[in-house]
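Just so it is clear, A, B, C and D label the chains in written order, and each chain counts residues from 1 on its own.
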Amino acid sequence: TCPGVDRVVPILAPYKIASRQTHPEPSVIDLGGRMKVKVGGKKVCMMAGPCSVENRPMLMEVAHAVKEAGATCLRGGAFKPRTNPYEFQGLGEQALEMLAEAGEATGLPVVTEVMSIDQVPVVAKYADVLQIGTRNMHNFNLLMAVGKAAKPVLLKRGWSATLNEFLLAAEYIIQSGNPNVILCERGIRTHEDHVRNTLPLATVPAVKRESHLPIIVDPAHGTGHAYMVPSMCRAAVAAGADGLMVEVHNDPPHAMTDGAQSLTLDGFAQMMNELRAVAAAVGREM
Amino acid sequence: TCPGVDRVVPILAPYKIASRQTHPEPSVIDLGGRMKVKVGGKKVCMMAGPCSVENRPMLMEVAHAVKEAGATCLRGGAFKPRTNPYEFQGLGEQALEMLAEAGEATGLPVVTEVMSIDQVPVVAKYADVLQIGTRNMHNFNLLMAVGKAAKPVLLKRGWSATLNEFLLAAEYIIQSGNPNVILCERGIRTHEDHVRNTLPLATVPAVKRESHLPIIVDPAHGTGHAYMVPSMCRAAVAAGADGLMVEVHNDPPHAMTDGAQSLTLDGFAQMMNELRAVAAAVGREM
Amino acid sequence: TCPGVDRVVPILAPYKIASRQTHPEPSVIDLGGRMKVKVGGKKVCMMAGPCSVENRPMLMEVAHAVKEAGATCLRGGAFKPRTNPYEFQGLGEQALEMLAEAGEATGLPVVTEVMSIDQVPVVAKYADVLQIGTRNMHNFNLLMAVGKAAKPVLLKRGWSATLNEFLLAAEYIIQSGNPNVILCERGIRTHEDHVRNTLPLATVPAVKRESHLPIIVDPAHGTGHAYMVPSMCRAAVAAGADGLMVEVHNDPPHAMTDGAQSLTLDGFAQMMNELRAVAAAVGREM
Amino acid sequence: TCPGVDRVVPILAPYKIASRQTHPEPSVIDLGGRMKVKVGGKKVCMMAGPCSVENRPMLMEVAHAVKEAGATCLRGGAFKPRTNPYEFQGLGEQALEMLAEAGEATGLPVVTEVMSIDQVPVVAKYADVLQIGTRNMHNFNLLMAVGKAAKPVLLKRGWSATLNEFLLAAEYIIQSGNPNVILCERGIRTHEDHVRNTLPLATVPAVKRESHLPIIVDPAHGTGHAYMVPSMCRAAVAAGADGLMVEVHNDPPHAMTDGAQSLTLDGFAQMMNELRAVAAAVGREM
């Protein structure tokens, strides 16, 4: 009489070391750096910064502003996976240097995307957290490569990945030697045409039940519209997410990438105030 | 440089009287009954009750329990749309009588589904709110029929409806004469297989921007799993929803329908306590 | 070692009288009329005509042209389900009269949509086949109403219906007393944005395996683009479909509805020639 | 009055060298090898073989059998992308050697998947065609790497890729220096649960209109069920596909991977006979 219930906890989940059955306590991932930021504990981690590192001044301005407003991790794209080969592909190692400098100046650990195996060393040299993007969640060779790196990994869910596939991608990383995996729900492809992606926040309780790994939410990519981001950030925190990732820009209308979903500096600061109240209401801190 | 932004506010939205452009103030819908329950104001409306009305004692027990815990509206199925013609189809008018009695006893307004034009008079006789289910969101003749009824309408989003189609379905009701429409996001069909439906909470800010109509969320159908319901209720309130609809049963494992997604009486009461804190954090009441 | 195989033939399919297990021989449905057109036999049925009946002259012109080119059934909309309440809703009974006249003049049986229970008698009076549209596949009360009518029913798949739900909708009709059900695959809602719907032709072999009912394909709604229709018609016949439904207009750019997916008269005649060769290659006739 | 038509041919398609606008004639790709097999011409290419190369005898048996039945290219997995890290990952270079031997023995060119940049040289050493799998369609660095290889590339569509993204992935390969790209539709992720993927054959006419590149169809992955494969192969040929890719095994129930969707040797030979008739009906050869 309870259809569906037995689909939630499989007798033999194919994921093993990522499973809550083998590791009942939630994992807390240390992002390193001066501030000892952790993901998976009481404090909700806020990862903020520009979609792309466009130049040194804009990055420094955004980094200081988000730090000031309460962010605990700096995000920024150096290697950009772009659907269109003729569009801006990121500044590469130059951007990594700027990110490291901004991280140093603000004390924020830095998260940035690594797109291929040969980029792992250089990204790991400058960044504190290696991000695997949506397009690479099923790139098993890359998963195994970051599984051998010494830095934590932020693993974004694939556009059409099932929960099972998402957790098995984490398993690939962990079984390669790296237990420090943070999951990130960033929206899936559906028929909805008023959003860039559909953001399924039920992934949060599902991951909490199935796995010990922390789960964060990216409402910028998850919706594609800046005006929806504060509402979905509040929802994610209320749902129990361990962190958030958002895009912040000092001049969104002129952003080189993802301007439509980027918050302004003021918008971010205002949102952080709202989020503190929601976090407190569910026994968390921000 | 801002892709997608102009998709959000169309120059000429096809929906007119449902649009915020023609009615900038949010609508507040009066559900009627002794308690003067309203949807769309500061207070978040909680609609709770069994999936199906199974018999008089269980309905009365659940109705009193949810009222006690803070529900402001009683839900319960009398005419049940069932995929399988051989399954329980609801008790019909008998259930409507029980619902009216339970509404009278608790003071809660009653919401229940109407499946066809010929059922409108009898449902409107006993219930305070007429529910149009997911399967009938595109049933335009039924929309026009409830548009001529004197009771408010709760309109559930279709499984694969776009936002535009959802608001145009509301437009059908309003232009038939009934301005009292409450929208309900209840999940969409996607590739996800760990949930019954995918619950896109970004519908809440989208509707708030596009329309003056109140929007509530149904996390029971939106996930299919009782363990996800409290998390998604908190998220919906934090996102700005004007109300919630959940299924509560005194004995979920033996429920005739939807047991897997029904809360127990205690589970509901505990969830209400959590929701009050979240509502307060976003300037609402519960 | 064969994942998925046991999902194909459930031990106890919830559909009974629609199932091949209880009725191993394929059903052949007689559409009635002078021409004794049948669906489900060796001859592939071609249902063609305008999306909407716009006026008498255009209907007669199209009806004679499609008859001439080899169509075996005339389609045309009298009651039109429109997403937008402010758009053309069809000419109603006036259109039904014209359809009956065109059917009489050409000898073609007529199929047209019925949108609500109260329309069943008038549609059954004029038409040979009652069409249930995509939006009403889950409208169980309407299914039961056409299940009591004396005319065959063309049941279109819902936008997000599973195969199981599709066959159970047929079951509703059959168990209400009407065994003459023709299924129609017309495309589903997905993330694809270069088509109006995604047309899953694998529904044809799946239905053939699961059920004895004939299955036809509607590539006009299934793609939304006239240029794709001939290709998808050929594919459907090669896949084993028992029939096709297409939209044909004497002046597609000025059609009141669905012009983009309507074939011209010449385009239809040319396509019929191609289809005859494909039908012969798979042992069918056209 | 023609909604959707202008979506089909964008004024400025973001894909350039993959576009039909810059290259009106269809491309014909030479697969090399003794048999001078071409994809994109009058003859429909049939790529057949086991999902995984399991051992030398089974590969040789299957290779000779498919050659005998009319296949024009041998497929077989050496590096297998597996969702579950604990499942069989392929025999690697050992399998490549066997494939080369089987190709030599039968005269069939060999296509096999390359999963990472570092595998490109070894795969290009043994194989005639480099396959990019579904999971790597968005792996831009890998696309650029095969774009520098001297062998043709078979590019499978991503599970949730749009047509635009699919053609831009081809653009990445071509603009890196390799014009020999064959596209492959292999099904998308949708809500359908009676198939492993939903196979949208309308991709065939869409690609033909938008691009000069040849397009083939993989109904094995596109449906997940062997019983659907012949029907969907016939449909793909009738729709105008330039080739097919199927899985054939000498003992499907004991296949190490994808047994449920693999044809038997006899099943394949029988299907080839049917396909010849369909190909002839649409002016092609098999």
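The rule is short, and it goes like this: contacts are C-beta pairs under 8 Å (C-beta built on N, C-alpha and C of every residue); 3 or more make two chains touch, one makes a residue touch a chain.
Predicted model, so just to flag it, every value in this text is computed and none were measured.
Between the chain pairs A-C and B-C, more C-beta pairs are in contact across B-C.
The interface formed by C-D recurs in A-B: of the pairs listed in A-B, B-D or A-D, only this one shares over half of its residue-numbered contact pairs with it.
Chain B and chain C have Cα centroids separated by 34 Å.
Chain A and chain C, compared by their mean Cα positions, are separated by 47 Å. Residue positions 160, 164, 188-191, 193 of chain B each touch two or more of the other chains.
Chain contact summary for the complex, chain B toward chain D: residues 189-191, 193.
Chain B makes touch with chain A in their complex at residues 1-5, 7-8, 160, 162-164, 188, 190-196, 198-202, 204-206, 209, 222-225, 227-228, 231-232, 234-240, 252-255, 259-261, 274, 277-278, 280-282. Within the complex, the chain D residues that touch chain A are 14, 16, 81-86, 115-119, 134-136, 138-142, 158-160, 164-165, 168, 171-172, 175, 188-189.
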